[in-house]
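A, B, C, D and E label the chains in the order they appear, each numbered from 1.
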């Protein structure tokens, strides 16, 4: 289709958006073809921060490779680590203690909120409202402090170890999380006032970048992008891991498939995550926070795959082991990569301003895409 | 001061145009000149490249470009002329009373019909 | 659930248009298919009423030093029904048909495998380098024999 | 679009905009909600588990607990730690492996805590120092055992 | 009582006593020029600082607080930084036009100062078509934007300039229509007479709903005309990096920046003059004591207070709303503001003709 259009019109403008652009959220390079302001084609060029993590992991032990995955999707670093730990545990058939499972899930959901909150600010910034960004960081900071207290770091926590978590919860943890829950609930309503109900924001996002359900499935667009298109693709529901099958929460699904639907999905997910945390925070079982494991982990020969739901979608870890202390091959199925592949499909025929809104609604984290 | 008091206007106030234009030029040249004077320029090819997010520009910038607002410009012209007609009318409408009001209403109504027609024809769609 | 999926697969694959070898796999049932038969099998798997494997969540390649193995992870979009498809490729001249027109997510994943493993996807709409810089030739970083003395840090 | 709808659009739009303006207006006048941390003036409160850099505690006799077993070196994913050992003659005349230099590359460290977990003698720990900026990368290469320090009695 | 008017008159008298009529006038011209330049510089510093503080407080942060007392000298420090930056002309740009654009921008915003009444009887030029003059001159600035965008040899600049062309041109109409509402009520285009007509009360209070509607339309329109968020499509930071002034650096960028703030000031000043009575103090019916207290406050303070109120509102818009898309922007103008403006004008005229206002 693109070639036909080019042949018809000579007055097409080819524009580089990125790698140094305010709204590509990192070093993503898009080559877009414009006619007037209408986008005919978007061609992503990746690799500006490709570190070949998959290759790196081939020389790291099973304890070490977990920390590298924090550097992929740094906003849900904890959930990435979780996926890796799950895969190793599955291979070694380690039984994770109940307490560790609950701690992991609590941290996962806190991470999810932190990630969504940041996305909320960034999305607002993409459509031109700057104030929400700073409001978002206020809430994110609270989560980061909770994380720092328990995990010892704010962004790349590296709190997961095969068989459990690295430390026990900090004594302040429950109190601070409860504080955060009550604080965040009121702030969510402010979010609605600032952005959700705002007529300009609605106009900027409704009917923009529509991804129909079958396209979302075909593109493998998981996470809020897929659920915004009406596809119930939450791994926590589809293939529950840890203690998710015991929890009461809803899978937020919107049917419209546009930017606003994706926005609503994430807003709903923040509320669902809050309810998960509320269910767990008073019921943390006592016991070990770590299962006993050998000092040197050797995975039996075979292939292992584990899936978790990060803030961006389905994150998969595929380990091929030859029986040694390091993985023979590792493949990380990053949600952002598949979501990005739908960008061209979604943004054709829209304006430049819409492209920015669509990218915002995809919630791209470039290290996650580049790996 | 002589220039400012209202009672001394005739013919003097318009000199402020010259003063202001002069002040504007002096101000901007002063500002640019000052930085020229202070900064020792360095030259490199990369530095002078037009900014396009750090990648060399693809194709020419000055191409035949689809300006979406040709029709907007036409519409604007029509309404701006209307506005110019209305300015003298607005000054005196209070003295002339109802007749002037009705006349203007008719005038605006006809324009409005034209506007509706243009809207129907899709002239107000951004390309 | 796994067992029932396997019985379903057995009955379904009996009617498959190409010969397919079914194994239990370590986690999910695995199909091994010849690279030439893959383009015929792919739409069959996606459109079959009982399977409907319309969600490809992972596509990758493993370098086994003697050969390359393409690994496709397929799933049903509405319920858990994971099937792994494998295809063994020649290491010197790896060629396999593209499935980008069947699962559109394969478009980017295949481009990634193309540059990292050097697998040539026949019929891919736009097989260009995605991650590696323009003008990168030949060497494929994720192959086991890849050496880059400048950029690789040996630990 | 009917006329009623037209005015309804305007009204709803204005109302939603006013809600947003009320929110920002509220913050404009409520300076108590300001969350800025004035970092260099007011030192940040760091959690006790915060991981800033690897240090090796020494006691008052300039003794540390590191036996030079290289468990941390092996555990480190980045090659941050390099341990150089020497042979010491113990009082009873035997040769014994001991730590000569504990070289720590702070510029490579990602504070993942794996070395501290790996250490069998609790010789190293994470400190809360986080102001690591220097003008030259080579200044980040640190030798953690102090000059002249020895192994603490009783640590094997 | 010390007022701006009094100070200026004494300066005038002093000069004339010493130098004689002709020389005094010449000196006064120079003084006016210097005063305007100084005013511009100070205006830039103050407004930028105000913007940063307003945005900071709305964004629950402190804003500049290190340089000078309470951060007041921050903008001065920024200016010094900008002066010490090299002003680049990109390769392939049209050098003459590229350098002309910022100068043109500044000259236009300077010219807009002419009819503004800063205080009682303090005005550079009380032209009898004051408000028409403002709308005429202000549309020249779109030329500067177009020149800047086109001459930069940059695609982002080009897109930004194209957008601003359509935008400013469209919102000119709405601004004009709401200005007309007041002109009808006041019966004059002259700034001083419009203010005088509000002796008994500001139009906002006397003119019923139509004036309120006109004021809202005016505020929206001038926000768009001065290229400020949520209508900052010509700059559209997240889409076009910096829009039409992407290629400008150093002092030439600073001039664009300054001109934007100067335009905001002028637009707010005109708004204050039209709707809030300019330098006219607040008078309430027969409360003589109250009115006397209000009169005691210098007229320049009244003027600046009202102007800064409007500036604050415009800044408030900017730090609250997302940006519109170009077609939505035009839709807002052509489908909502323009028809409403026309109807509103007719209603206001009816009120004026029938004498129904207070």
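Things to note:
Note that contacts are C-beta pairs under 8 Å (C-beta built on N, C-alpha and C of every residue); 3 or more make two chains touch, one makes a residue touch a chain.
All values derive from a computational prediction rather than experimental measurement.
By the document's definition of touch, common neighbours of subunit A and subunit B comprise E. For the pairs A-E and D-E, the count of C-beta pairs in contact is higher at A-E. The greatest centre-to-centre distance from subunit E, using averaged C-alpha positions, is reached by C.
Each chain gets one centre point, the mean of its Cα atoms, and the points for subunit D and subunit E are 51 Å apart. Remark: subunit B and subunit E have CA centroids separated by 14 Å (rounded to whole angstrom). Averaged C-alpha coordinates give centres for subunit B and subunit D that are 56 Å from one another. We define each chain's centre as the mean of its Cα atoms; on that basis subunit A and subunit D are separated by 25 Å. Within subunit E, residues 58-61, 155-156, 241, 319-321, 326-327 each touch two or more of the remaining chains. Residue positions of subunit C touching 2 or more other chains, listed in rising order: 155. Each of residues 52-53, 57, 65, 67-68, 126 in subunit B touches at least two other chains.
Put simply, subunit A touches subunit B in their complex at residues 10-11, 13-21, 29, 31, 35-38.
Partner subunit A is touched in their complex by these residues of subunit E: 55, 58-61, 155-156, 159, 163, 229-230, 232-233, 236-241, 319-328.
Within the complex formed with subunit D, the residues of subunit E that make contact are 54, 57-62, 65, 316-317, 319-321, 336, 340.
Listed in rising order, the residues of subunit B touching subunit A in the complex are 52-55, 57-59, 63-68, 126-127. By the touch criterion given at the top, residues 1-6, 9, 12-17, 19-32, 34-36, 38-39, 41-42, 45, 47-53, 57, 61-62, 65, 67-69, 72-73, 75-76, 79-80, 83, 86-87, 90-95, 97-98, 100-101, 104-105, 108, 112, 115, 119, 124-126 of subunit B touch subunit E in their complex.
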